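Look at the two complexes coming up: chain A is in both, with chain B in one and chain C in the other.
Up next is the complex of A and B:
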């Protein structure tokens, strides 16, 4: 039988797995070393920024589920991030005990995810984006108009989370807390990618017709993707508020949603490493512009970078790195 | 033998256009039927009607006496009515292996938490799905390219990947829309052999739309010709092809009048 092409390079598919395992072990060791080195070698400010990269990575992984994997464009993502953040912020004044808050964040995110998902099931592309945008604006409006509680556009300070000696606004403590949810979100996303649910999402993204022909429940898959993405963003926002100690609507507005989208596209949609790289970009690069004294240049550069990626690297940085490896003859295929 | 799949006076209209008119057919279990007819005859529309991608205007479609009309395409697929498309639709950035693995959707899968937390049922299902995928890839000769991304493969391999994805869980009714289009002679022969092998293993009822008359002759014991939405002939491929109405539909040959 010859439906298989004549191959220039012999392929040994089931041996590649072993090579991969060595690669994975090496990456794990390198990442653990880097993770330990950051708080040991860097100053407080850098460690605090690293914690933010990890928190934003969780939210970006969330958007990557609904947009990168399931292909549903959402401009409400920062609102889910805000939902978690304001849950933490308001828990103090409202007297909600710490142990109730994670469950509350998850429940609110599920509810929010469903509310955003349902009207969008019949829409796609730009129209879907517009409806999600409306939800985002609604969230902003709600914060602005509950001045007494949230401080409106002035924002509000958040008391640290304290458990015994642990204080979420201490540098190393913040770094640890961010590490825990970042690790959890990464492992969950990895398992999602291995599961039928993850493959369903890719199928829905690539062709709803083909998905239906395989028996994929399309509506169910989209709602699940919205819910998971909202829970990731909500959890990230909750930790963000406790680590940073201050929340204001600008952190969760339309621009923030667009930056999450930039992070997903830049890193590479549907790739875990891509979400991490994208998050590092949206946290670190504005910080660099701040340091050199031109904070307003970031959006300009951001636009330029996005156009360049769209034109030359539609698969994002992860794919770009693979191309470079292939050029250097280091590819494992 | 009682029919597995029954079409009873099925019509599909698109506005003023009658794409399929009054089609009545019965397919017995294990049958392999070739559906032929000139461009625009309504073949794809009929397949869409059976698989649930197009609503029928009137008539009935039933499988095992179950009325299919109220069921969505995905629900029919889960009952075992699966189809390929005239243009191949795959997960472009994934491997052949992962594309075929998606086809395991029609087996029972654990719930959300089971899948996300890799609980024991998920691990059992995953092992089952991996094994089914590997077997299907081996049967269809795709194992050597299992870990290649489909977007870098030639058309023939992509087409075969699509068919593997339909076969990884044995369908009850398999609907193929011009699977041999765009394949060269050798690839066609290989495709015919694969379909025949799967068929002989039993339990599969297949309807295959094909423009290549030779292929239909080699593969299908039974065939139906459609023209302008109506059945104009049925029987063995040779009988059908010798019908004057079929000759006329294909070649514009006027016999008699």
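Up next is the complex of A and C:
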């Protein structure tokens, strides 16, 4: 046993910090290069798909906040996504000016988040999942039964957002719009993870009893998590409608909520990179199946992947990558 | 009250109680699984659905005799239920809510596999007495309704008798209360648990078959039904016996009356309003999930 401290030890934290800084810088440069290369090197359709990955990443980050960080299983997430999408879709017919719409989406999402959060504050497990699922079903029901306004189950087209030469359904413009919102959501989530609120969420997820004994405001933390999650999903849905140009209830039903859950768990709950990997999976893999002529295989794979990841790699792909790095001796010392 | 209104009321009540009978059949499976293994299976309804769809395919498409097709469907439902326990539930990591997540994955998997194998169009299943109807006092009495109601009552009473009056029930309750002590007392806890999951598959198949006879069905048809059963379980409490079983009948009756009074579209919001009211009104201690260690 070593009783005398190793003189070499104290400088290691500085080495680690420097290593982390270099790693972060390298990642930032690589990501920026990839972001610039996509619209230059790829075709219009691929750029459109990349925009969708970014939009879904924002919504997935939202579910990651409420489920991955605060531990509240929500099966109404696709409904918040739909709330934003239908706000964009209905704004044209209802004559709501463009500059009011982002504020309106945020306000509606906050209201939706509170409406879902308040009755579920005392619940966990099955009860929480069921009540959030009921909210989702109610949203679907409302869309289906407002045929004149929303087109019901047939869906409705959405006119593009136009500001001068900018057209949200133009490929590069859609890519830019999605990039802005994805960057904002990622930075916000990163900041949240470092904040007191983020740590409170983790504490509530790990043990409500212990958190309460340490003075963590459980109710406030849970409601905030639901609101943030709803705002992320609502904003993503709003951009989605303007980029894709069509909305229908099937994009926002229970199965859509399960896909968001697949994205969070596949990537790794509570991790930003995980949310991005998960959203890439739920957007890109269906496209691959479409390309090879088997579009119906994606839901089968989705179910199988959710089971396999939850059973064999509960920390998701990010944890899997860390394990592989550790096995290969590539982990940071 | 005019005779026509009385007949309508009796009709709505009978229809609601018949649906409640099938909810009770499903509920017994949910309660048994929850009490013995402390898990919730979101794919419970799909377990019965795949059996029904296989039966349909075998007799309607492949031309196999109906009885053989039904037995094959039942065997598939039992296999899926027992494999869910053996391959999935027993391997779930000890993280809160992962049984819900994993069985949501199974729900997605079974639904999409059924769509892939049997198509996405709605199908008409075996009649199972739905075409035997008589009129008594202005009320259309369907033999299938009576069968569902009687089956629900029989299963409810039978479940109670098995759980409280038999050695099997004692073993089940001992395993539910403390698996380690039950094991040390010589009870084959894991075997019993798989048997319970298999029985839940049987109950899911019976209810799915009878629902399929009453509806035009696609791969999603059991999902809203099972959601209603889970809501009844949430209201009654899955660690009890009589409250959730009675809630199963009550919620079906309530929904039936809501649809009768306010139209077909009122079914979903009526259940939603009921749940929100209950959550607002019931005491906090009633909602504490002291027995839901993992669920």
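Definition applied: the second predicted complex is superposed on the first by the 317 of 333 C-alpha atoms of A that agree within 3 Å, B and C clash if a C-alpha of one lies under 4 Å from a C-alpha of the other, contacts with A are read in each partner's own complex, and residues count from 1 in each chain.
FYI, a contact is a pair of C-beta atoms (placed from the backbone, for glycine too) under 8 Å apart; a residue touches a chain by one contact, two chains touch by 3 or more.
Every value quoted in this text rests on a predicted model; they were computed, and no experiment measured them.
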Partner chain(s) touched by A:323 [first = chain B, second = chain C, both, neither]: neither
Partner chain in contact with A:207 - chain B first, chain C second, else both or neither: first
Partner chain in contact with A:302 - chain B first, chain C second, else both or neither: second
Touching partner for A:28 - first (chain B), second (chain C), both, neither: neither
First, second, both or neither for A:145, with chain B first and chain C second: second
Chain B and chain C contact sites that coincide on chain A, given as residue numbers: none
In the complex with chain A, residue positions of chain B that touch it: 51-53, 72-75, 77-78, 82-85, 89-94, 97-98, 101-106, 109, 112, 115-118, 122, 125-126, 129, 140-148, 153-154, 156-157, 159-160, 165-166, 186-187, 190-191, 193-194
Complex contacts: residues of chain A adjacent to chain C: 71, 73, 119-120, 122-127, 129-131, 133-135, 137-138, 141, 145, 254-255, 258, 261-262, 265, 296-297, 299-300, 302-307, 310-311, 314
Footprint of chain A on chain C - complex, ascending: 40, 88, 91-93, 95-98, 100-102, 104-113, 115-116, 223-224, 227, 230-231, 233-234, 238, 265, 268-269, 271-272, 275-276, 279-280, 284, 287, 289, 292, 295
Sites on chain A touched by chain B in the complex: 1-5, 7, 11, 13, 16, 188, 191-192, 194-197, 199-200, 202-203, 206-207, 209-218, 224, 270, 315, 333
